[in-house]
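In what comes next, subunit A is part of two complexes: it sits with subunit B in the first one and with subunit C in the second one.
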Partner chain A sequence: MDMARALRSITLRRLAIATVLVMGAGYGLAFLYAPEDADQGFIQKIFYLHVPLAIVALVGFIVAGLLAIQHLRTGDSKWDARSYVSIHLSVIFGVGVLLTGAIWAKGSWGVWWEWREPTLVSFLIVFLLYATYYPLRYAIEDRDRQARYASVFAITAGAFVPLNFAAVRAAQPLVHPRTFSDAGGLPGSMLLAFLVCLAGMALLWVTLVRFELTSKRASGDLKRIRRALGGGDGPPSPARSIAPVATSAMSQMRAEGRR
Partner chain B sequence: MSPFGALLRKDLRVELRTLRSLPAMALFAVSAFVIFRFGLDRTTLDGGLAAGVLVPTLLFAALLAINRLFVAEREEGGFDLIRLAPIDRTVLFAAKASALVIYLVILELIAVPIFALFFLDSVSGLLPFALVLLLTNIGLAATGTVISTIATMSSARDLLAPLILLPLLIPLVIAAAGAGEHLLASDGPDYGRFGTWLALLGLYDLIFLLVGYATFDFLLED
Partner chain C sequence: MIPLAIENSDRYVGGAYLVFLLLLLIYVAIMAAKLQRVQRDLGSLAELAERPSREGADRDVGQIRDREQEIQAVRQGDRG
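Showing the complex of A and B:
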């Protein structure tokens, strides 16, 4: 068991190092190698931050839906914990998407918000939907029910993400000039820098998800140890929690020991 | 009688005897029209503005019914009886969604003619628009039934359903208002992108009926 935990922590460290390297390389390429955009100038560099953030956040939402399917199929709460952490980090990335999107819009179009940019508008709608995930979890006290309902939400919202993009795009007959609608025109050096940035951002998301799950597990273990040392029957914390309990290595060990 | 028929008849009979949802929905819609008359300071509406008043009003009125959809089940222990009954639980999803579609059709039969009477110069676009509304109702019923179940079982109740549903229903508003903009134009209906909107509505209905069908069982587990 200790071996498995040690292995896990090493993988997390390696993952973190890989993230730093790939992100460093990506932004190095973006600023030093990729040419400055002829049309937009320096502000276009935010493209290497904004678009990878958005893609990773959206993929994260869909991954959360798939994890939620796994939770409903198996009934194992660890899938709910993974789905929860995925949504949590994608929402945080989503704040970054909206902020960088507003800055980019101000820099290149002169306005802080642009309703004619369908991707940004779609993203806002998706973000508003996922923001309700927290009050939803908070409003259900029973742990199992909370996990199940959160999974149903994650599946529904995951199916909603692509559909919403299609709908907002359909509402937009006049397509605003977009960096990607003519991706063929994106020079090779820009594309390379972009792809490395995207890979770095994806690694960052995975690292943070792993980190969050590990830290949840550790703090769960710590609480259990404290309770065991403090006489074994500390009062359960009265605060309602919206975060799922990750199955801990400690309780697994104890269960195995009992057997 | 099939379980589906029994549950649907039960719901319709309860609504007919108590009249808890429908009169409130209709009254809400008509009051909202009056509010828009003053809010926009317009006595006639057409095109995008007509669709922009009518579609969101119907949607908000639908939220009233969605909030009340499972209240009797919660208060009178209907959920427990469904769990005990030897039937497929997704039947409850089908029955509730069908009841909701019926409520919405009745609401529209009342509210849309009043809207036309109040604001519209040309009513020739209303017939094709009825098809748009019907597909919108199905989508509303599919997501509304799932989210209503979640909200009913939570402690936030009436707060949670509108909160989750408003963003979730935006594609329906986009399609219905987009179709309405051309169908309710002052110079007669224009069918330019009618097919696109119907396809979008159909896709939404299909996806969320499937999601509801697949997940509803997990909402009823105890």
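Showing the complex of A and C:
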């Protein structure tokens, strides 16, 4: 059984249950098992939320780029939908990273934001770059062109993410700690809690992506049925062309339109 | 180097986790609203799907009544 089929067979419900269990275990470990940081004290517990959020958001952007490559290769709109939803969720996670980071900065450094810190500014740049994805996408009315341009954007920006990460690693940090930069930086109990939190956050991202894709597929299928029944929902509005409706249904509709 | 100002750490930790939870709740609420719209659309589609069969049934009843009237008229004509 290949990997893709195995992944598809996992239902949304099972994924959601696994997410709750792993996240519950992760944050249970973080608060009850992992010791308090000797330097920062209790406030370091934000690390178990902030860092997994950041890692998952950045990896999500890269995944979106890979899905966009698949879209350009095959021309199948389902890959565009997956790329779109991945970016969408990663942007939401990005908001979480910025907010939790600001709270941690205020608690640790006494300021909400530090413009001289390359880690913070580089993440903001990545976030703002992806914030431009939506206006770019919805500025194009033609769905095929919209999907193609969005895929090109996702690939280019996705390639920028690891480059940006490497640049930040090479830069001189001001106050932001470098996670995993020193050998043996995290004691075993902290590392275990962190890894379980990271797994939980990754599962949450996958669950929400699947949830949103299922929802989009349902709306696409509904539109198709409405047309088949003669209800007619009219031509899709460009402003609300809620992007890639993910389905074979929409591709079929477009094909019918061309005929 | 910025001086460390670690105080009220419980408040900040609580705040960070609360912000994350709120973000998640807002997302779920938006998705719930979208699902409600899908459900409403599904309801209207079910209505649309039922309409032709209901119209067909009404048409059939009308035809049966017409036929009954014709038969009665023929019978009355036979008696006359």
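By our rule, the second predicted complex is superposed on the first by the 205 of 259 C-alpha atoms of A that agree within 3 Å, B and C clash if a C-alpha of one lies under 4 Å from a C-alpha of the other, contacts with A are read in each partner's own complex, and residues count from 1 in each chain.
The rule is short, and it goes like this: a contact is a pair of C-beta atoms (placed from the backbone, for glycine too) under 8 Å apart; a residue touches a chain by one contact, two chains touch by 3 or more.
Every value quoted in this text rests on a predicted model; they were computed, and no experiment measured them.
Enquirer: After the match on subunit A, would you call subunit B and subunit C a fit or a clash?
Expert: In the arrangement built by aligning on subunit A, the partners subunit C and subunit B fit side by side.
Enquirer: From the overlay on chain A, compute the angle at subunit A's CA centre subtended by subunit B and subunit C, rounding to the nearest 10 degrees.
Expert: The C-alpha centres give an angle of about 120 degrees at subunit A.
Enquirer: A:72 in the overlay: touching subunit B, subunit C, both, or neither? Say first, second, both or neither.
Expert: first
Enquirer: Let me test your reading of the model: by the given contact rule, A:163 touches which partner, first (subunit B), second (subunit C), both or neither?
Expert: Touch status of A:163: first partner only.
Enquirer: Using the touch definition from the top, say if A:98 reaches subunit B (first), subunit C (second), both or neither.
Expert: Neither partner.
Enquirer: Touching A:229, do we find subunit B (first), subunit C (second), both, or neither?
Expert: The answer is second: A:229 touches subunit C but not subunit B.
Enquirer: Touch check for A:45: first (subunit B), second (subunit C), both, or neither?
Expert: Once the two structures are laid over each other on A, A:45 reaches subunit C alone.
Enquirer: Is A:152 in contact with subunit B, with subunit C, with both, or with neither (first, second, both, neither)?
Expert: A:152: touches subunit B, not subunit C.
Enquirer: So, A:136: does it touch subunit B (first), subunit C (second), both, or neither?
Expert: In the superposition, A:136 contacts subunit B only.
Enquirer: In the overlay, answer first, second, both or neither for which of subunit B and subunit C A:218 touches.
Expert: In the superposition, A:218 touches subunit C alone.
Enquirer: When the two structures are overlaid on chain A, which partner does A:16 contact: first (subunit B), second (subunit C), both, or neither?
Expert: A:16 contacts neither subunit B nor subunit C.
Enquirer: Just to confirm the value: shortest Cα separation between subunit B and subunit C in the superposed three-chain model, in whole Å.
Expert: 20
Enquirer: Mind listing the subunit A positions that touch subunit C in their complex?
Expert: It is residues 40-43, 45-46, 49-50, 53, 92, 95-96, 99-100, 103-104, 106-111, 114, 174-175, 208, 211-212, 215, 218-219, 222, 225-226, 229-231 of subunit A that touch subunit C.
Enquirer: Subunit B touches which residues of subunit A in the complex?
Expert: Result: residues 72, 125-126, 128-129, 132, 135-136, 138-141, 145, 148-149, 151-153, 155-157, 159-160, 163-164, 166-168, 170-171, 173 of subunit A touch subunit B.
Enquirer: So in the complex, the part of subunit C that touches subunit A is made up of which residues?
Expert: Against subunit A, subunit C makes touches at 1-13, 15-17, 19-20, 23, 27, 31, 34-35, 37-38, 41-42, 44-45, 48-49.
Enquirer: How about subunit B: which of its residues touch subunit A in the complex?
Expert: Result: residues 143, 146-147, 150-151, 153-156, 159-160, 163-164, 166-168, 170-171, 174-175, 178, 193, 196-197, 200, 203-204, 207-208, 211, 214-215, 218-219, 221 of subunit B touch subunit A.
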